[in-house]
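Following this line, the structures themselves.
Next come two complexes built around chain A: one with chain B, the other with chain C.
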Partner chain A sequence: MSIGILVLAVLILAAAGFVLGRQRALATAGGDPRRLHSLPGHYGQFTAILAAVPALVLLAIWLLAQPLAIESRIAPMLTADSPADRSLAMADVRRISIGLDLLAVSDRLSEDAVASLSSETLAPRLRQVGTAVTQVTPEALSAAKAHRTMRHTLQIWMTAAVGLTAATCFVFALLRIRPDFRARNVSERFVMWLLIAASLVAVATTAGIVLSLVSETLHFFRIYPAREFFLSLTWNPQFRGGSDLGIWPLLWGTVYISIIALIVAVPIGLLTAVYLSEYASRRTRGWAKPAIEILAGIPTIVYGLFALITVGPALRDWFAQPLGLGASSSSVMTAGLVMGIMLIPFVSSLSDDIINAVPQSLRDGSYGLGATQSETVKLVILPAALPGIVGAVLLAASRAIGETMIVVLGAGAAAKLSLNPFEAMTTVTVKIVSQLTGDTEFASPETLVAFALGLTLFVMTLVLNVLALYIVRKYREQYE
Partner chain B sequence: MDDIRFAERDLCVTEAKIAARDVQVHYGTNHALKDVNVDILEQTVTAFIGPSGCGKSTFLRCLNRMNDTIPGCRIEGRLTLDGQDIYDPRVDPVQLRAKVGMVFQKPNPFPKSIYDNVAYGPRIHGLTRNKAELDEIVEKSLRRAALWEEAKDRLASPGTGLSGGQQQRLCIARAIATSPEVLLMDEPCSALDPIATAQIEELIDELRAQFSVVIVTHSMQQAARVSQRTAFFHLGRLVEYGETGQIFTNPHDPRTESYISGRIG
Partner chain C sequence: MTDAAAPASPAIRDGSLFAPDAHTRRRNAAERRFRAYGITAVALSILALIVLLVSVLGNGAGAFRQTFIQIPVTIDAKIVDPKGNRALDEMKKVTTIGYGKQLEASMLAAVAAAGVATDGLSRKDIAGLLSKEAAAGLRGMVLENPDLIGRTITFRALANGRIDGYFKGRVSMDSAKLDSNISPAQLVLAERLRDAGLVTVAFNPQFLLGADASEVRPEAAGLGVAILGSAYMMIIVLVLALPLGVAASIYLEEFAPKNRWTDLIEVNIANLAAVPSIVYGILGLAIFINTLGLPQSAPIVGGLILTLMTLPTIIIATRVSLAAVPPSIRDAALGVGASRMQAVFHHVLPLALPGILTGTIIGMARALGETAPLLLIGMVAFVREFPAAPPEGFFSPASALPVQVYNFTQRADPAFVERASGAIIVLLVFLICMNAAAIILRRRFERRW
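Our next item is the complex of A and B:
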């Protein structure tokens, strides 16, 4: 039985459980739902949960464990020199094993016929049924045959185990139903675990990302000195090895571009937010706020094109060349300006919400003392909203640090340490992309440096976020 | 009504500080206040009483043009402060509000230090030339709001950290620091416990020496205790206005009588 049908069967059993559980609960109460501890539906839910959840959990665990179990049995049949070779050979075995299944179906082969297939003529036939194999060695074929048999046996066992679990739990649940049984508590508890599981997905993914970054970074530092990485001022990767992989030029580019972006975005965004929340009439606000938020919906690659085609050449022709500061249309200034425009809606939208959260009573108090509108904004509203605004700015800063597309198209790809804002520079993110997509071997420092850069970036944004949280907590004003 | 202790009523003053003639207020299509005529006297506490939604807070907010901040609010009729039309286009609402201070129903100290809360008005109006003068105003205002003894050692701590009654006294100190001529109070004690209420009522009586005080209240006992004049509003109309003792003991209008004896409201 295939896995899809198995899952479907379990779900049908659960649906039946809902109906039966509900009916049984009503029957035990003599048809009077008031004599039941919980609503009849809760008993139905209880039966359905018990029928489906343990069986599906078992299925999930089985599916995770089965390949590991099979491969640990197959591994001794393969001769391989290194772990990398072994995993390549194992991948071949898996492909052939699946291919044999397809072949058995398309050519209507019996089990004996499959078992007696020889390796010489097999490769073209396998390619015909859509399996990507170049050649089939006798060793791989016999391993694949073993793989396939084991797979089939285990699949039958799995179907039996899952079906049995579902049926047992289903019957057990039905037997448990009595008027004083607290089915509602079980179903509420289940909802809680469901919510916990959903939140765990995000947490576990974060942990997984960090762990994979850390392990690759450690790998990188084993083949490239950490001292060089953190202290060298040159970034000069060579394809043949002997590269200088100092992080400072990239870090400087990131920080420089982000600062320019924030210098553009924070004042404009903040003033926009003050206008929208304090001065604009409801009608103006009704169309202006969505219009500004459209900016946030533009893909960054489009901003990148804007930087490349419009802003870059304009800056070069009107500022850089007349001032004698450079002749390149890709520059820190270009990327910073365009990124700043991208960040305006972040700052303005978040700050606007925060300013709106300042209670009206504070405004009334200030106006009641004869303060003007700008005095009220400056002396009462902005100080009260400050922690939130700082949070918004730091959020925008982490966006700026992580931005890639605008930098590639606006600032170029040259890693340089320079103060001239009209010079091409690049950032950490751009170099992560170019190092990982290069032609170098994966295990070389030139590629692995991407992970060290990624981790550095992650730590930077993490520190910014923690700082934002700290500031917001510490200086949060209690309005009442 | 024997349990009500009436405030001393030495009504030597008869000059009108604020005069209202045929005032109408509309919120959009809602005619909230109809034909209000009233003279608010100098150095007098005037209480506005009436059931919820009768327009007494609306009228209070007309007196310092706080209704300007509400979209869709329209005011007709004539309102004068010392003979000068409040709604004259030449009158700057900002300057008007410096002369007509306001204390709100819920204590609303700014999220700043106690000192900065009180110094807020004098600072924005440039009332002082140096720090020493400002210190003096702050101390004087806090003393008059009966908060100085409790607050003098913690002037730098946030005003929001005070208790509810202290916060309301801080708001009163903040309002009187700009030396207004009229002080409007919109149910200043509704969020306070009886002890804090008693302190504020005592304070209102003292403030009468310098200001004309207008207080909106839901407590008829409070109106009787602190005010010399009482105005009764009902359904957007000023039903009766007169000397407090007369309103509570011998009302002319049957609606006033029903309200103060608890039959309508």
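Our next item is the complex of A and C:
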């Protein structure tokens, strides 16, 4: 926890800097804040920022660089055949090295005692202090000892460097303080950089998503032919290799379920929106709209459970079995129906916004020509709102494609290309979950295929979203 | 030159103007039909909501009540403390098997004392009415309070899951005949014991406070670890997402120049809000676990992923409420000599705060119910130990409420359906509280300019 103490020390120094900087500014101005360029607090902020930020940045860089530096020195001590072996051995060394620290504390060992520990009896003792190692080889132990010594030396250097930086900057800041020094500009520029950095987190997230998906997908295509992935019609992963990993059965399941969901959600959602915005009294609207929006706030796992324990068995007993279409309670119909319910508020609230954005003058014109209310809706409002509604439907489709929990619990796990809606099928998202939560090795194609599936999903939803946002934006401009 | 064709004149009416003609009747019928469609759609949506809630609540209400068997147990020092020195380390060596034997004996004695006929059930069958978890409960109680040794206490033991199911209507005599875990004779005995007052169905605090239990002991499964894990993640989300989101929105709304770069950021945020949640799970697995080496199934990883997912929601809400503060406020602040930064932080931000907090709470409520990304980072693992207090607890394995629901649904014993629905009730109660807080905040503090 010495890093925590170091950070705390720097922060205390910064707090002291705030008080001292303030006082010094007032002192240089002869106790009259009006002679200062900035408020006294700004001088305090300036000192605090200078005391804390460079030191903490140094600390962060050091913490990132230290393991790399140590491991590049340790690596020659280990004999390993492949990079994967090497990283496993390195992880072992790291664990033992930290275990030695724990052992030294719990058994009160001196440095010499730690250095003379032998590898034979060490593993059980390490396990006792909570280090998960199965066996300790002499090679790993000597590497771990070197690792530990280096770690400790570097730790001392780090403390010294960070402390020195903080102190130097602190003194430098205090010396800079004069009545005409523009402390406010400095502290505000710093805050501005913080704000910009925060807004870049969103960009970094997208970059992280794209990078991790693309790099692992490329990795996948290096060990599994892309042709097979995009063109094969079977999905049949095997634990021992030799799997068929064709995406089409999964895409078909995804699209089929989404279509059923949209067939349920779009008419109901649209008619709900029309009724609530054009017909309903203020009172009806007042309770019905929030009630429907409750559906949007319910977590998808709840819908999943609803599909699993209520809708699935009901559909099986009342439709699938009497009609002789199947005996499975998880089916495309189950997942599609429940997902449709989930999408109703999504479609209705988006359409509601769009219908309300249609100018009143269009309605008045239509009524003036003698149209009834429903004719106005059908012939004037809906055509005028059509682009927006298409956008809403596209957004709903993207939501349906990316939905996971409902299909995990409601659709089944069998990858099939079938037209029967009462049969269990599976989707891209279900397979991402099952491939990544299984016990397969991470570098196997059976696991890596999940990243290729994830990328497919990401691209599909991205295209739908961009298209929808573009259409909705275009449409809004039309009436503004 | 009047060669423009005159419009075809409609048929001349020959009836009263007060009697609608066929065309008008048709139009009016269409109007009524359309109205009926609308009402049907609204009714269907509300019906779906009601069926959903009734199904979950109906299935889950039973999880809060549990069947207990109340028996006097004499804690024999010879068994639980063979050395007789009350040293905790020594006593911990006695496993639940030792306590189980004691419970078995107490159970038989209690049944005999109550004068209930056992119809020749074997000792094992009678003790089988107790949950396998009961011995562990007794052991925990004794280790916590060694003074109990040698005394006779009234122990409230969990009943076997099948007995519990029988009193809740899940298990019947017919199903017990086919069940290797319970026999109809045992159910008859349970019923007699209930009449004798030994078996009761009562509120079960362990469902909310206890840890998860193994696949064959649904009666002992609790949500404690999951609730704690979810709480840890919400703390992380609040601490990270609120400042980051507010800072990003202030920059974009108040300071950012209108150029291609800020446009890119804005489109980016709009898209992030619509990225499927499972993709965030893949991101977390690839970046936080595989690259940065953070531990699997730890709340810190879940918290970070949920932070990234919540950020767009918070940013969008914050920008709306910042934009709603009228420019006159900024102008007035600038007019009396504030810098732009001071105008924002001293005047605009406090006025926008209710809207920001409302958006944050709603974003967190959504994060609380999120399941899919947490499945990918290993939160499906079976976790029995409570995580430590923060900050170490952020790095130790934990579960999360929605993931616990998923876990329960993956188990074979039908008793877990009740547990899963019960967990959802707990989840929904938290969501309702959060959303109510958001609504109250909006009603009380939001200002219309």
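The rule we apply is simple: the second predicted complex is superposed on the first by the 379 of 480 C-alpha atoms of A that agree within 3 Å, B and C clash if a C-alpha of one lies under 4 Å from a C-alpha of the other, contacts with A are read in each partner's own complex, and residues count from 1 in each chain.
The rule is simple: a residue touches a chain if its C-beta (ideal position, glycine included) is under 8 Å from a C-beta of that chain, and two chains touch if they have at least 3 such contacts.
Small disclaimer: the values here were computed from a predicted structure and weren't measured.
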First, second, both or neither for A:S106, with chain B first and chain C second: neither
Per-residue touch tally on chain A - higher for chain B or for chain C: C
Touched partner set for A:S87, first chain B, second chain C, both or neither: neither
Contacts of A:N236 with chain B and chain C, given as first, second, both or neither: neither
Contacts of A:G365 with chain B and chain C, given as first, second, both or neither: first
Touching partner for A:L295 - first (chain B), second (chain C), both, neither: second
Which superposed partner A:L379 touches (first chain B, second chain C, both, neither): first
Chain B versus chain C as contact partner of A:V201, first or second or both or neither: second
First (chain B), second (chain C), both or neither touched by A:Q128: neither
Footprint overlap on chain A, where chain B in one structure and chain C in the other make contact: 372, 375
Residue numbers on chain A that touch chain B, as the complex places them: 281-282, 359, 361-372, 375, 379-380, 383-384, 477-480
Of chain C, residues touching chain A in the complex: 27-28, 30-31, 33-35, 37-42, 44-46, 48-49, 51-52, 55-56, 59, 243-245, 247-248, 250-252, 255-256, 264-265, 267-272, 274-283, 285-287, 290, 308, 311-312, 315, 339, 341, 365-366, 368-372, 375-376, 378, 380, 402, 405-406, 409, 417, 420-421, 424, 427-428, 431, 435
Contact footprint of chain C on chain A as seen in their complex: 184, 188, 191-192, 194-203, 205-206, 208-209, 212-213, 216, 267-272, 274-276, 279-280, 288, 291-292, 294-295, 297-306, 308-310, 341, 344-345, 348, 372-375, 377-378, 395, 398-399, 401-405, 408-409, 429, 432-433, 436-437, 442, 450-451, 454, 457-458, 461-462, 465-466, 469
Parts of chain B lying in touch with chain A, wherever the complex brings them together: 64, 66, 69, 71, 94-99, 101-104, 106, 108-112, 120-121, 124-125, 158, 160-161, 171, 174-175, 178
